[in-house]
Amino acid sequence: MSERYSASEMMTVTASRALTNGQSCFVGIGLPSEAANLARLTHAPDVVLIYESGTLETKPDVLPLSIGDGELCETALTTVSVPEMFRYWVQGGKIDVGFLGAAQIDKYANLNTTLIGDYTDPKVRLPGGGGAPEMATATGEIFITLKQSKRTFVEAVDFVTTVGFGRDGTARDGVPNIGKGPTRVITDLCVMQPDPTTKELTVTSLHPGVTRADVIEATGWDIAFADDVSETAEPDDQELTVLRELKTRTEKHHAES
Amino acid sequence: MAEFLSLAEAVDRYVADGATVALEGFTHLIPFAAGHEIIRQKKRDLTLIRMTPDLIYDQMIGAGCAKKLIFSWGGNPGVGSLHRLRDAVEKGWPHQIEILEHSHAAMANAFEAGAAGLPLAILRGYIGSDLPKVNDQIKFIDCPFTGEKLAAVPSIRPDVSIVHAQKADKHGNVLVEGIIGVQKEAVLAAKHSIVTVEEIVDELDCGPNACVIPAWVITAVAKAPGGAKPSYTHGYYPRSNKFYKDWDPISRDRDAFNAWLDEHVFNTTADNGASA
Amino acid sequence: MAEFLSLAEAVDRYVADGATVALEGFTHLIPFAAGHEIIRQKKRDLTLIRMTPDLIYDQMIGAGCAKKLIFSWGGNPGVGSLHRLRDAVEKGWPHQIEILEHSHAAMANAFEAGAAGLPLAILRGYIGSDLPKVNDQIKFIDCPFTGEKLAAVPSIRPDVSIVHAQKADKHGNVLVEGIIGVQKEAVLAAKHSIVTVEEIVDELDCGPNACVIPAWVITAVAKAPGGAKPSYTHGYYPRSNKFYKDWDPISRDRDAFNAWLDEHVFNTTADNGASA
Amino acid sequence: MSERYSASEMMTVTASRALTNGQSCFVGIGLPSEAANLARLTHAPDVVLIYESGTLETKPDVLPLSIGDGELCETALTTVSVPEMFRYWVQGGKIDVGFLGAAQIDKYANLNTTLIGDYTDPKVRLPGGGGAPEMATATGEIFITLKQSKRTFVEAVDFVTTVGFGRDGTARDGVPNIGKGPTRVITDLCVMQPDPTTKELTVTSLHPGVTRADVIEATGWDIAFADDVSETAEPDDQELTVLRELKTRTEKHHAES
């Protein structure tokens, strides 16, 4: 691992690079929001950021704490109602990429944000689905970003809040009007992509300094590696500077109000 | 036609024990003052509907107002859990509550369908999700034109909806601006509605297509300056992100919560019940 | 992402013979300049969709562009009949056209459903009307929650939608203001879209919830000052009620119509095709 | 017939009086619009006028020629999209009274605005349904105003564009979420109301100077008279003044532009 950047910065920069300039991106709060705004402030100035609160093409100067911070509306092209957001923009197919986080993800990229344990007697009750279930099926594709650990990367999620490829990798087969689903998962260790045939998440690139053993250790199933695993490109200085400034501005802003 | 009432009077008159109630406001314009008044008036057995329960329902659930919660994302945004909600669901304190959960898309569509006077909303939703297994209100229909299977959920028609807005004019017409969420839909879908506002003005002074809820579809308008704090009112005051973070330790502990409730809700009156 | 094109280029590129086309604008902002360009370019076999065909489709039908018309109210507002439409339907001049008619509620819902990416719209509609007897695209479903019988119509998904608006910014984001009709829905529901505007400005300068159609869902933006005349553009010029009245005698007579078409459409170019 | 006012003025004033202050009224263009605005300018200043173009609570100074004249938007509380108008405001049950005109009406108050003759080979093609079909079922009640003649008041309409009480008077029976339908028809000769049992239109009041024979002569079916037919109250001077001024302003305005 580099002295120049942290694993978390490596994750955010890699996630940000997944976005292409000009794409429309539905942004989840937290890590996805950090990555998407970094993309906008670096290589993808014309990426269109959309938050489920109804803010279209927003350009926040600091990262929002909530999905509906005032900053999002003040810097948006326009703000629509939440029913319109989900009807015209999400379901209407206007979003290229849904950028999501998760509490738990499994081998087939299914996401659990509902609960740990049994539904009627939960061990831990999580927030629930929010915008993710339809995001995962209505957008062109899905990027997922979260920190990797055995607790979060499990063989099979306790509850499929948001479908990746289902319990056996076939959930999208033959379904009309459905997006490609998760095309990459970006963690603090590596990038995974679904195997073209089985849809099982497979490591396609390792971050600099990370070993296969590190990934295996942090994954709750017998993780597969692609034939040609590459090394993820390092963050450049400009990306790191912009990211750090963004986080500093954000912390200052949220501490004040 | 909207009647101007005090918040206490409006809550007393239109929020009955056992009622189905929606306090809406998507992160923005959350009607905290009204929620606190409901707590103060010790309303009980409410079915609470809200896409994002947020701190307001965490407080109402902790205070024992709720029998059931219908929601789609129950966290403290950017901070973590709603501990009062979790304590009720996981440990039954102060009593067990029933939950019915949806996705945001389904809830938003259900409010929209309620405003549109329909019994159901149709969406391309819940594909591959386990939510339909635990929510018997999610059904599926076949499109008679294409054969595509589509999700159907009942529309939301609350007994009373409560929202907060920037301002009302002297006739009771209300302007909602900024992140408008499902507020208009919540009001139009409900049998009765209460709108709290920052101020009452002569003219709304807005664009030709602004989100205005006409007086004749509102039951009561109550002036409640600061009524959305610690949430925010676009153009009036910002969100207290600090309060949302501070809420985490308060809400983790039953005693700390009760002490907070005593100090900030029970021992205050309607107009300064906003907690931040 | 919206491309700035001349109107002639936009019509040439995106309005193919045989296409399904919606030129929308509910009384206000009717895209006459674009309709005239379609006539000038002698587009044929179009399926024309519009809630209120108005003079624009009367002209296009009379000029022989249409194969089929999908509509919900086909009159000259406040004046009387659309005589070119009637001549085509009743006497097959210049050729027979097929019609498919709905109510406004069904058409508005079908545009809305098209924008929402759904295959159908559900409404409480057509009760007791004979329209379902003559329009096989109207079906009925039973609500899975209440058993109520509700009307279903296919959503509208045009090959190309064309609307007129006040202004675009330099990125191609468009502001629509005033009577906004189904313009936004028409654009969002279509495979391609052309928006004509009065002017192109640096900033749209509008309220936080204004009806803005973002550049990234528009195919082409064309500057067409006066492009809604003899209809109107809120904030720019009024409706020529006089022209709507004058149209009655012109349109009653095939020769008078052809003479008008020659003078005001064929012998002019795109930018001054507006006829009033 | 009076020298003081015309039959057409009698009709408009009577129609305007049907509206109660504070009601919300969906206004059709033409005679309904004239009557509804007269009501607003006289006894019902707080009547809420709604046009299908999306204009809520509009207060036009001159009568619109079209349903979407600029005047309607400029004087409205706010203007919503047309889908919202039909979904939230009409179907959502927010409208007390729908005020309609028609080309043809029959014994059971069914309206035809579609065509005369056969559908596939029409003798006269009329404009079509517009907003009326759902207006007739979604609003609390319907007022209809049109000039009376054998041509317009027919035994059975050629085409039921908009339902009154159906072909046999029973079309609303047992239908959930349906309004009362036509509760009064106001013509230049009389006021008719549906018989409480049969739903057949029945004369309940005759305008001053109009005889039963006049009405019979102008009706295409064997018109029934209520047991207690009253005389319609005459327009008062203020109503006539306001109506004439409104029409003068309107004619001047539309001639100019």
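Worth a mention:
Letters A, B, C and D name the chains as they come in the text, with residue numbers starting at 1 for each one.
We take it that a contact is a pair of C-beta atoms (placed from the backbone, for glycine too) under 8 Å apart; a residue touches a chain by one contact, two chains touch by 3 or more.
As the structure is a computational prediction, the values presented were derived from the model and not from experiment.
The minimum number of touch steps separating chain B from chain D is 1.
Taking each chain's centre as the mean of its C-alpha atoms, chain A lies 28 Å from chain B. One simple way to say how far apart two chains are is to compare their mean CA positions; for chain A and chain C this gives 40 Å.
Here the CA centre of chain A is 57 Å from the CA centre of chain D.
Contact of a single residue of chain A with at least two other chains is seen at positions 73-74, 79-80, 87, 91, 138, 177. Counting only residues that touch two or more partner chains, chain B has 112, 117-118, 123-124, 146, 148, 178, 180, 184-185, 206, 208-211, 234. Here the touching chains pair up as A-B, A-C, B-C, B-D, C-D. Contacts from chain B toward chain D in the complex involve residues 1, 112, 115-118, 173, 184-185, 188, 206, 208-212, 214, 216-217.
For chain B in complex with chain C, the touching residues are 117-120, 122-124, 137, 139, 141, 143-146, 148, 150, 152, 154, 177-178, 180, 206-211, 234. By the touch criterion given at the top, residues 26-28, 51-52, 71-75, 77-79, 81-82, 85-86, 89-90, 101-105, 108-109, 111-112, 123-131, 134, 146, 148, 178-182, 184-185, 211, 232, 234, 238-242, 244-245 of chain B touch chain A in their complex. Against chain C, the residues of chain A that register as touching in their complex are 22, 24, 48, 56-57, 73-74, 76-80, 87-88, 91-94, 138, 177.
Of all residues in chain D, only 29-30, 52-55, 64-70, 72-74, 79-83, 85-87, 90-91, 110, 114, 119, 122, 124-134, 136-138, 159-163, 166, 171-172, 175-178, 254-255, 257 touch chain C in the complex they form.
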